[in-house]
Structure formats: structure tokens, C-alpha cells
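Paired with chain B in one complex and with chain C in the other, chain A is shared by the two complexes that follow.
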Partner chain A sequence: MGKPKVGIFGFTGCGGCQLEILNLEDQLLDLVSAVDIVHFTEAITEHSDDYEIALIEGSITTEHDVERIEKIGSIANVIVAVGACAVSGGLNCLKNLYGTQKAAELVYGDKKDWIDTIEVKPVDAYLKVDHYSRGCPPNRFEIVDIVRSLLLGRQPEIPNYPVCVECKRNGNTCVYELGMTCLGPISRAGCDSRCPNSASGCEACRGVIENPNVNAQKDLLAEHGLTVKDIMSQFNLYNACKGKNIE
Partner chain B sequence: MLYKILGKNEYEDFLSDLISKNEVIGPKKKDGAYSDFVAIKDPKEIDTDYQKTTLSPAKKILFPSTEDLVAFKISDTIEAEGIVEYEQKVLLGINAWDINGMNFLDRFFTTDFIDENYLAKRKALTVIGTDSVPTENNFAHHMNSEYAIEGFDLYFSDLGDRFFVRAATEKGNRLIEDFPRFLDTSEDDFKEFNRYMEDYRAKFKLNINMKNFIDNFESIYDKEQLWQKLAEKCYSCGSCNLTCPTCFCFNVKDDINLDLKTGQKLREWDSCMIPEYGLVAGDHNFRPDKENRLKQRYKCKLITFKQKYGKNSCVGCGRCIEACLAKINIAEDINTIMKEVSI
Partner chain C sequence: MTDNSKEVSVMPDSINIEVAPVSRVEGHGDLVLNIKDKKIEKLIFRIPESPRFFEAMLVGRNWDEPSHITSRICGICSVAHTYASVKATEAAMGIQPSDFILKLRRLIFHHEMVQSNVLHVYFLAAPDFLGVGSVIPLVKTHPEVVNIALRLKKMANDMVRIIGGRAVHPIRTVVGGFTKLPTEEEMYKMKDMLKAAYKDLETSLAVLKTLDIPDFERETEYISLAQPDEYALYDGTIKSTDGWEIDSQDYLDKIKEKVVKHSTGKHCWANRDAYMVGALSRFNNNYEKLSDNAKSYAKELGLQAPCYNTFMNNIAQFVEIVHSVDDSIRLIDELLEDGMDENKRMVDFKIQPGRGVGAVEAPRGLLIHDYTYNSEGKVDKANLIIPTNMNYGNVERDMQALVPDIIDKPEDEIRLACEMMIRAYDPCISCSTHFLNVKLINK
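This part shows the complex of A and B:
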């Protein structure tokens, strides 16, 4: 059996997730030795429609996106959603809070009809997603772990525990002690507590854990002077499309 | 035990001498109210009044949060080689309850099995203790750990104008021999040390009803509503375990390189408060509910090892109280539980 063929595709987003793959530097040669990359929007000009694994970044926000994602779904056997936009819809979901037409008008004014925009949805609204590499940006080592696990036929170990676990392993002073707020106690780890490591609160870019204690979190944020509106805007930053369970 | 006196000025020189000859890890101001134990290059960097550290300095050195255990190579056969890493270090300024926490880990990692990774680091560690000011959440005095009688090589108690020094090991005796300005103790020094300890013990204010707790624990074990109430605000975030100086649970993972042939087995700190801890094959979870996880933690800290080793694994440092954003407070909960028992 030859090396598995991989396509890396970009949809609506900043393109930073593909950049994270390029940022692998030390492991990049090993990665291209382990798999055959036949499409990589940000990195190679060659293109082939023959691939088994699709790594998809970005959310689906136009009819054209829908056509493209459905085509990828008809080819690939394994779909990996990479990054917050692909996994949960990410920041793009803020558009849905305004309503598609209102958002188009706000941004493009009287030229809004030039824009083909639909309700923002994550990749799994259109395709069955096999693995999620969460985060904004995603943890590039986790992307490698997913690819490696696919090659070995095992489940990647992706944490479902909160960011606090990694934060404490790293010996950080809790950002609440530093007078800031943080969504760490209800947010998925896997980022190595990247933001708290730099004394800045977690914004739940990897989404919330399976059983978040939302009431405790609301009480905590309110105790630190946040209004319900502030709290919802914190929750919604990365999770407006999938945030219904935490309203 | 060898008892000595060291003058304040001599102490400065002792530290300079120690730092010039060894890798010294000591407390340094970090952020907010917190200090952290890091490599010290100059005695002036030492935060002599430190009160809070997120982690126990001993646990951080001896049982790091992530540690490689085995390097392996898969070809026709599997080759595996143990990885045991250690460096000679001096841990300076650790307080009594963290020493007692380390003593617990010493016992745990050498009873039933010998943990080579822990033991190698422990043997390479020189421990120099000193008292630090307890926080308002500290209840070390209820756990017999506000004073250390073993585990350290040297222990400095600050009598104001001089230090009362205890040497508990050969290593400690050698440190004294190597710095010939330690003085012999007089009867007055002992009297003053006793007075000092009396004053120091008075700094521990928390009042906990620990009496009969062990005998009565069984009777509240099945009171589900009580446990649900105690655990209601729990995030299941593991902060209590991960900051505990005696929590020893770890998870072992295989980290395979992209060549799919080489890799390493590593361990990382685990937590019995997160749901995945009790998850096994077949998707069965032994402790799916947070109240059961809290009960398990309290039992492990306050009952299990008292029965097994004759000593609690909890040293009363109060870190779990301070780390808990849901304000779950083991000290208050003990009182609540004991009140429940007396009804």
C-alpha cells in the first residue's frame, strides 16, 4: 500500500490553520514523508482530486463553499476539521448573530447584493467529521497526532478536560488572581493553556467541555463584575454557532 | 539530629557559597501574591517572605508534570530503553508542610514498587528547609505538618538575630562541616527555639473539627444529598489535585514519532476530579458524577493513607482551597461533614 493521499483545503477563515501546518518546521519533512500531500491551498500549486484524507480549515459561508465541501465529501474517506472556524464555525458565527442580510449591509453597504453570503456553519453541518483539531489557531502538534493516529489506525488522545488542567501542570498563577477573567474552567484543553501561559484569559477557542458547569462559571464571572451581556459575548466569541447549550 | 546556630551575616555568606557550588532552586517573586521556585543565581533574588506558590517545589522537581519514561524503537523486534533523568540540585527555602508532602511522596514512590525516576531525582536532591508564613487557608497544624522532623538535610528557623539550624542527615552534617562558621547551641538557644515554635504555631488560625473524622467517615459515605451539595459548584477542572503536594496519580501515554518507528512513553499528572479519570474500555465510567469524585478525593486525602501508612496524605497546605474557583473548601467541608455526623 502506498502512502495515504492528503488534501489540505481552506474555506472561510484567516488561513492561519494552514500556516500552523507550515509552522511545523522540524516535523514538516517527516510529515510529507509519511503522507502524500496532493492539495495544499496555501503551500503548493499542484492539485489532484485523488485523496483519502481531507484536512479542512474554515467555515462554510457561501453557496460556493457548499459546492466545494460537498465535492470534497464525495472524494475523501476521512474528514478532519482543523481549527475553530471548521470545528464550530468560530468567529465567523458572529455574523449569524446580526442576521446574514444585516451583516452584509453593515459591511458592504449598498453593494451588499454583490456578496453571496449564507448562514455560517461549521464543516460538520455538511459532512460527517471523523476528527476535530480545535482551536484558534489549532495546536499544530495535535494535527500531527491526528495524522499519525490515522496512519496507525488508533484514536488520537484529545483532551476533554478543562484548560485549568494544563494551566496547573504549567504552574501558572491563575489569571483570576491577576485580576482578569478566564473561560478556562469550562473550556477544552489541548492548547497547553497557551493564553493563560501569557497571563491572559482563555476565550474558549477550542469550545466548551462535554459537561461544563455553566452556572458556576456565570456566578464566577458575575462575581468579577461582568454583566450577563459581557458573559454572553465571552461565550459567543468562538462559539456562537454551537453556543446554544450554554445560553 | 545535629543542632547548630548560624548568625544572620554568616547566613548570607553560606548562601553565596552554596550558590557558587551548586544548582540552587529557591523562591523568587513571580506575579500577584505568588512566588515560584526557580534557579537562583544570587542570594538577593530569594524571596525570603514568600507565602504562596502554585505548586509544591519538591513535587515540581521530583515528579515533574510531564516526564519521559521509556524510549522505544519498533522494527522486526521492539527495543525499549528506560529513561531516568536527574541532576544534583539544592532545594532551598521549602517549608515544613511541603517537606512533609515530599515525605509522603517518598513513601508512596518506594512502597509496593520502586519508582526509579522519582528515586533518582530524590537521591540527587539536597533539601534545605525554612518556615514560611501560612496563608489563612492553611491547616497544616491539624495535619501534623507545620513542623518537619525528617526529609530535610538542613532546616533553618529564624530566631531574629540568628538561625537555629537542624541537620537531619549525613548530607546536612557535611554542609555544616564544609562551612566552618556554624556555632554550637546553648541551652538558651533551645529555649528560644521552643518559644519561636510556639509563636510560629500560633500563626495557624484555621479551626477544623478533625476529631473522630476517620471513625465517622463511613457513616456519611452514602449520604448522597450531602455530597451533591458539597460538589454542586465543582468544575471538574482538577485544579485541586494538580496543585496538591501529595497527589501522585499520573497517566501514561505513547508518543510515537512520524516515522512510526520510534517514540517515547511519557507520563503526565492526572486528576481524579476529571470525568475521564474513571473512564475505561467499553465506555464505562466508574465515577461519572462529580459528587462521587469529590468523595473519592476526600477519602484519599483524609482516610485511605491514614489507614495504609498511619499518616494522612493531606498536609493542610490549603493550595486546593486557593486554587478552586468554585470555592470548594476542604477545611469548611470537614466541619460541615462532622456537623452532619453529630446530628
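This part shows the complex of A and C:
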């Protein structure tokens, strides 16, 4: 079997996930030699419609995005959603929260009809996604692990425990003790608790774990005189499209 | 939405070039160029990139959120957006960070610039000059260039990781200061990393000297930040080579923008119908403030201020890398002398209503955030002016000047020259708007 052909595609987002792949400085040359990258918007001119694996960054937010994602779905055998925008809609969902038409009017005024924009949705609203590399930005080593797992035919190990586990392992002072709010108790680990490591609250950019201990989060909030309402704004930064499950 | 086919007409003696999308730029842009009887019939640089609506997303958000939200406008210039945002909030609320904080901010700011300039010069533009399609074949043909690029990029990203907590979308860089400071040990480590970069800069100089930069000149208005005592990146007044200089808070007095039909990114103009921002504009306005070492690199590479060759923007980016490395060592020495002390990480401030403007030099040029806060410290109104938007008009005018000179060349050469011109701008179209792909239909 030859090297698998991989396409790396950008949809609506900041390009930061593709950049995180380029930021794999120590592993980039190994990655490039292990697979055959036939499309990489941000880095190469070459383009081919012949690929088995599609790494997709960004949300689907325009009719044009819908056409493109459906075409990729018709070609690729394996779909990997990379980053919060592709996985859950991410921060782009703040547009839905504000109101799509209202947002178009605010930004483009009476020229709003020139603009192609639809309700923001994650990739799995259109295609069956095989693997998710969560986070904003995603953990670049996790992207490598997913690709490696695909090559070896095994399942990548994606944590399904809360950020608090990593945060305690890293010996951080609890962010609540520092007078800030944090979504660590319900949020999916895999980021090495990078925000609490920097004395900042977790914003759940990797979404919520499968069976979150909502009561633990509520108890922690109550201990500090807070309610769920006080963290909703923080929660909906990356989870506005799928944001009803903690209320 | 981008129905490219309708732009293509097959006519005798006509060329229809579509660069749709242009690759190796950070966003998504199309170039439509129709030539008939050796005259340009139609030339449009079009941005069909999905609009994001950040100005709407910000409305109603709490004062500590805009820098996290707007950082996500662009992965490659997330530090610049973070600081345009933080500075706008601080200006609105009358918050004055300490000199210590400002020095550390300048230090992290340098390294997003280095990271982005390295990526652009070595990964995105160099393959054109070295005659290969992209960085992947470059790995085989010029492994030493790729290795230098990877080392320099890692150095810069590690600097941003150490100071900001993360290379893309920094965490520690907040209103009022930092959530956490680097340790003294980390400061010394960064200094060693910077010193180690000089060897790669020297080797790069030798490679860059061999590049054949296209001969092209078109004078335009060059706009950037400026400061009396430093090569302005983090802060400054807004200055034009047309002779005007204004406080950044008054940007609306000079910088105008409008919605144009072929683009989701708005077009901007100031003194003339178009202007240029980015490394070449900064170089033209602020050459004197470069480090002596950076000046000597510029001289070796034949870059003199003022320079009117858009293609030299890539050289200006390289010269800026040298300057940033030099200036970072100076900043680290000063910070170490001040003493790294967690108590210095933040200044006290009060949440107040008001309007404030934050202007910085993103890698691709002048970036402005303008917020109005209500008495609860929530955003009432936001206006964002993005560098790539500012360059659209100038890209079109450069093309109009470039194409007549190369009109008799083979189609492939015309296509490549157009792509290279657009890539020279390092257009980060994800800001507002991914890539270029020239389709030549007939001749």
C-alpha cells in the first residue's frame, strides 16, 4: 500500500489550526514523509481531488461552504474535524447567537444582500465525522496522534475526563481560588490544562466531556457565591451551537 | 457563491486569468483578469471568503472577552489582534499599563511578527523565487532553507509560548497586564534562543542575495504606525509617506472604508484611492529606527527607503526579523534589570464606560480595533479595520501597472507573476476573508 493521500482544507475560521500543523516544527518533516499531502490551502499550491483522508478546519457558514464540504465528503473515506470551529461550530456560533440577518445588517448595512451567509454549523451537521481534534487551537500533537493512529489502524486516545484532572496533575492553584471562573470541571481534557497553567479560567474550547459531573461544577460555583448564569457567557464562547446541555 | 465560470469568456486575442483561489496566502482570494487586444478589460481582486461578523459577535460581551474573541479573527496574527483589542479596551477605560508590562508586551509582539515573517518569506514566497511549487518540494530541493525556517519559526513560537502561554491565541496577554509572567530562568533561556538565531540569519542572507526579485516599481501611499524612539510595531501614531501623521484615536479622520460588491472584506482608502500597509510601509516610514544590524542587512539586500517595489516587501519582512531579534535581546536585558516579579504582572484599574481605539502593526500591516463600552463594561459598538482589507485596492492598482509590462510573455509566466505579486502582500485573508489559482482561458 502506498502512502495515504491527505487533504487539509480550511473553511470558515482563522486558519490557526492549519497553522498549528505548520507549527509542528520538530515533526513536520516526518509528517510530510509519512503521508502524501495533496492539498493544504495555507501552505501549498498543488491541488488534487484524489485523497483518502480529509482534515477539515473551520465551520460551515455559507452556501459555498456547503457545496465544498459535500464534495469533500464524496471523495474522502476518513473525515477528521480539526479545531473547535469544525468540531462544534466554535466561536463562529456567536453569530447565530446574535442573529445571522441582524449580524449581516450590522456589519454590511444596506449591502447585506451581497453577502453569502447562513446559520453556522459544525462539519458533522453535513458529514459523518470519524475523528475529532478538539480545541481552539487544537493540540497539534493530538492531530499527529490521530494521523498516526489512522496509519497504524488503531483508535487515537482522546481524553474523556475533565480538565481538572490535568490541572491537578500540573500542580496549579485552582483558578476559582484566584478569583476567576473556570469550566475545567466539565470540560474535556487533552490540552494539558493550558489555560489554568497560565492562571486563566478554562473556556471549554474542547467542549464538554460525555458524562459531565454538572453537580461538581455547580457546587464549586456555589462555594464561590456563583451560579451557572455567571459562567454561561464563558461557556458560549466556543459552545454556542451546542450550548444547552449544561443548563 | 464564487461562480468563476461566468467571468470567463473565450475571445480571440483575449486572456482571461483567474487566480481562484490563490494558494499560500492565509485566507481565500480570487484574482479575475481579462485582457483583450493587449489591454486590461477587467481586473478584480475578489474576496469570496466567508464573512465572520466579529463586529456583531462583540456586541454585549464583557470587557475581558473581546481580546479572546478577536484573537480568533486570525490564527497567524492572534497576538496582534489580542493587543489591538486590549489597547482599545484600555484606552476606553483610561487604563495605563506600567513600563514593565509594555516592555514585555513589545517582546511577545516581536515574536509573532518573526513567526509570521518567517512563515511568509521561507514557506510561502521563497518557493516562487527558488522555482518550486511549494514548501513540500522545497524540502527536497533546498533542505537547508527549510531547516533554517523551521528553527527560526520554532524559536519565535517558543518565545510566544513562554510569554503568552500558547503560540496561537495567547492566554496570558490580558487587559491591565499579564495573568502570569515568565520566570527569570525563562528570560535567560529566551536570550540564548535569540542569540542562536544569528547564524541562521546570516545563512539566510546569503540565500536571499541570490534571489531574483522582479523589477517593478509603482509609488503609492505607504501607511504605518510611527514612533519617535523606536521602530513602531506595538504602538504609535498613524503616519503616511504622503506627509500626514495623526493620533491613532483619530483614525477615522483619514482612513475610510466601503463595502464593494466582489469582496466580503471592505476596501479602504486615505489620501489617494488606495494605499499599502505592511512591512514595506513600515520600512519606508521608519527605516531610521531599525537596529544598525538590520540596516546593514537591508543594505546587503539592496533595500533602501523609500522603496516602491512591492516584491521587496518580502525582503523588508526579513530585515524586520533581524531587527526584532536585536531589539528582543535589548528588551530582555532591560526587563531582567527591572527584575522579574509576579507583583508587576498587572496594574489596578476600574471598569468605566467610554470609547477607545487600539492600533498596532500586525505582520500584514496597520490593524485597528475601536470599541465603545457601556457603564456595565459591555461592548456597545465595535469597528475593526483589518490590514489585508486596506491592501485590496493597492493590489488591484499594482496589477494594473504590472500586467502591461508582461503582456507579451507566455501565459504561465503571466499567471506566476500575478500570483507572486499577490503573495508579496502576504495577504492574510482569513482575517476577513483562502487562496489564488490562475486560470488562463485563451490568448
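By definition in this document, the second predicted complex is superposed on the first by the 232 of 247 C-alpha atoms of A that agree within 3 Å, B and C clash if a C-alpha of one lies under 4 Å from a C-alpha of the other, contacts with A are read in each partner's own complex, and residues count from 1 in each chain.
One rule holds in what follows: contacts are C-beta pairs under 8 Å (C-beta built on N, C-alpha and C of every residue); 3 or more make two chains touch, one makes a residue touch a chain.
Treat the numbers as computed from the prediction; the structure is a model and nothing was measured.
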{"item": "Touched partner set for A:V214, first chain B, second chain C, both or neither", "value": "neither"}
{"item": "Touched partner set for A:A199, first chain B, second chain C, both or neither", "value": "both"}
{"item": "Partner chain in contact with A:K95 - chain B first, chain C second, else both or neither", "value": "second"}
{"item": "Chain C versus chain B, contacts on chain A by residue", "value": "C"}
{"item": "Touched partner set for A:M232, first chain B, second chain C, both or neither", "value": "neither"}
{"item": "Touched partner set for A:Y161, first chain B, second chain C, both or neither", "value": "first"}
{"item": "Which superposed partner A:I115 touches (first chain B, second chain C, both, neither)", "value": "second"}
{"item": "Partner chain in contact with A:H64 - chain B first, chain C second, else both or neither", "value": "second"}
{"item": "Touching both chain C and chain B, counted on chain A across the two superposed complexes", "value": "199"}
{"item": "In the complex with chain B, residue positions of chain A that touch it", "value": "27, 30-31, 33-34, 144, 147-148, 151-152, 157, 159-162, 164-165, 168-174, 176-179, 184-186, 199, 210-213, 215-217, 219-220"}
{"item": "Partner chain A, residues of chain C touching it in the complex", "value": "1-2, 21, 23-24, 26-28, 48, 50-53, 55-57, 59, 61-62, 65, 68-69, 72-76, 78, 119, 123-124, 127, 133-136, 139, 146, 150-151, 153-154, 157, 165-169, 171-172, 174, 179-180, 259, 261, 264, 428, 430, 434-435, 437"}
{"item": "Residues of chain A touching chain C in the complex", "value": "10-20, 22-23, 25-26, 28-29, 32, 37, 41-47, 58, 61-65, 90-92, 94-95, 97-98, 102-104, 106-109, 111, 114-117, 136-137, 194-195, 197-200, 203, 233, 237"}
{"item": "For the chain B and chain A complex, residues of the former touching the latter", "value": "30-34, 36, 54-55, 60, 65-66, 233-239, 242-243, 253, 256-260, 268-269, 271, 274-276, 323, 325-326"}
